[in-house]
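Some structures to go through are shown next.
Both of the next two complexes hold subunit A, though its partner changes from subunit B to subunit C.
For the complex of A and B:
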């Protein structure tokens, strides 16, 4: 489990990017980490990995501070940053050098993922396009079989067919012993993958709920008379709204609508999810 | 797989499985793919797929043999047909009738 308590961070003393973040993320889920630009999603992922030190508050990975850089923490955690530098060697070579840090690394699985994503593991990484490099790194990270996989904007740079391959690979990756955290603005790319939604704003964690909890309490789609509307948008299909789910029936979750509702009307959303 | 946004994804996977049974692709009393395999096939969170399976089980369409997997129930085809028929009559037919009236079309039923 990943937990943070009253976590705050700023790159300069004047500027605060994360403010009072208290949350927990459990195994068995694919968590979606959402928030407007500059809110500190990437910073939060870096703090979870222990790459940076919080200004105040704490991060715990299965109860251990990641800043201690313990073997049992680091061998269970991989982050794929949005942008990264890899050495100019082939993926196969990179894996041979790096995999010993990850005891469950599976070379055969990595080659399989490479094939599914259409990337050659035998050519030098710098000869690949950015998108190809991302695919290579995804193949490596999945093959490490870590229990906590953190992905920062993983679909940026992926071509259209690779996005669906990516979804299938991740759907097959998560189980009770593993979690995936995806920070993204491209909600449409990962909507069907996420089963827990975390929304951050300047005040902290606005929402941390499973998709089934969300659909139990909120209704998405066209409104009927008497609906308690929290947020609505005019679209070509008519007014699409987030309202209080009073019928008890499930509607089709729209993360985009949920996000806009949370950003524009945080108090209403907080009130609905804080009453347990 | 492409999903429509007019109903929950778990419901669409429920219907996909029901259609595979109805079409005979998956036969009664035979084992169906695991939740994990289905999740991978459609690229959907396995917890969401689990919900579809649980609902199919609650509706008597599939059953769980602990530790082995899910099987198509005996009589599932007739059962799905019943469910689909009543859904057609209560949900789709009124919309169809409304549309026919809107377009000034009439249907004649011959016995």
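For the complex of A and C:
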């Protein structure tokens, strides 16, 4: 489990990025980390990895401070950054020298993932396109079988078929002993995948709820008379809205609408989910 | 899973050399080709030999940069620092690289460069004899080795301290060294001028020599302290970047 308690961080003392973040992310879920540009999603992932030191508050991974750089903590965690450089060697060679750090690495699984994603693990990584490199690293990260997989904008650069393969692989990856945290703006790419949504704003965590909790309390789609509308927007299909689900009606979650509702009407959302 | 194992150092060394092979290949080629080139154009194996020592010294800057580069580069920083390697293992690898592997590689490449340039020479150069001579007078070997360790540990600190602009860090340290040296020379000159004022002969200056064991201790303490500081910086900086 990943927990943060009153976590604050700023790159300079004048520029505070994260403010009083208290949340917990449990295994067995795919957590979606959402927020406006510059709100600190990537910074939060870096703090979880122990790369940066919080100004105040704490981060714990299974009760251990990640900044202690204990091997047993780091070997259970992989982050796929939005931008990364891989060495100019083949994925097979890269995996051969990196696998000793991850005790549950499965070479066969990696080759399987590569096949599904359409990546040749025998060619030099610099001869691949940016999207192909990302797929190669995703295949490697999944094959490490770590219990915490952190993804920063994972679908950036992936082609349309690869996005659906990625979703399928990720859905098959998560079990009771594993969790995935996805920080993204491309919510449509991962909408069906997420089962816990975390929305950050300047004040801290605006929303941290499972998708079933959200659908229980909110209704998405066209409104009917008498609905307590929290947010609405005009689309080609007509007015789409987020409203309070008083009738217990089933509706399919629209993360984009939810996000806009949280940003434009945070107090209403906070009141519904009983959060600050 | 045990922290700080020899196996961890070996695994990290394997990972590091494989992922950074281009940088190390460049360094090894420099250690071989520059002395060889000088040996051929001057037709003098002694020049090749002298150049190999010079490249060995200047290569320190490249080596310390190579070791820290993955932790500094934007594209590799996050992956490198989330690798399950402890600071102690990383430093263990750096020490192995600085104290054993680099001097050994430089020596082998230098010897190879001298040997390869021999057919182009005017005169004769007995490499083994030269090395043998210096080995007997081991102050030279020891002096070069300790000097390299001081430069290496110093540049390692600069590399660990410099967040972004490495060149500026080197420039600052260069200015500090020059300022320090100038101060020392100026003080020395003042001493000489005073001697002159008192009509003292410069040749009469008595150099007070320190005991050999104290000299060795001082020269060993400098790199040891610097490597110690590097380790502390590595521990702190790794989590602060």
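By definition in this document, the second predicted complex is superposed on the first by the 274 of 276 C-alpha atoms of A that agree within 3 Å, B and C clash if a C-alpha of one lies under 4 Å from a C-alpha of the other, contacts with A are read in each partner's own complex, and residues count from 1 in each chain.
The definition used in the following text is that a residue touches a chain if its C-beta (ideal position, glycine included) is under 8 Å from a C-beta of that chain, and two chains touch if they have at least 3 such contacts.
Source: prediction; values computed, not measured.
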{"item": "Touching partner for A:215 - first (subunit B), second (subunit C), both, neither", "value": "first"}
{"item": "Which of subunit B and subunit C A:50 touches, first, second, both or neither", "value": "second"}
{"item": "Contacts of A:20 with subunit B and subunit C, given as first, second, both or neither", "value": "neither"}
{"item": "Partner chain(s) touched by A:102 [first = subunit B, second = subunit C, both, neither]", "value": "second"}
{"item": "Touching partner for A:75 - first (subunit B), second (subunit C), both, neither", "value": "second"}
{"item": "Touched partner set for A:89, first subunit B, second subunit C, both or neither", "value": "second"}
{"item": "Which of subunit B and subunit C A:192 touches, first, second, both or neither", "value": "first"}
{"item": "Which of subunit B and subunit C A:253 touches, first, second, both or neither", "value": "first"}
{"item": "First (subunit B), second (subunit C), both or neither touched by A:223", "value": "neither"}
{"item": "Overlapping contact positions on subunit A, where the subunit C interface meets the subunit B interface", "value": "none"}
{"item": "Subunit A residues touching subunit C - in the complex, by the definition given at the top", "value": "46, 49-53, 67, 69-72, 74-75, 77-79, 81, 83-85, 87-89, 93-94, 97-98, 100-103"}
{"item": "Complex contacts: residues of subunit B adjacent to subunit A", "value": "3-11, 36, 39-48, 51"}
{"item": "Footprint of subunit B on subunit A - complex, ascending", "value": "28-30, 164, 167-172, 174-175, 192-195, 210-212, 215, 221, 250-254"}
{"item": "Residues of subunit C defined as touching subunit A within the complex", "value": "1-3, 8, 11, 14-15, 18-22, 73-79, 81-87, 238-241"}
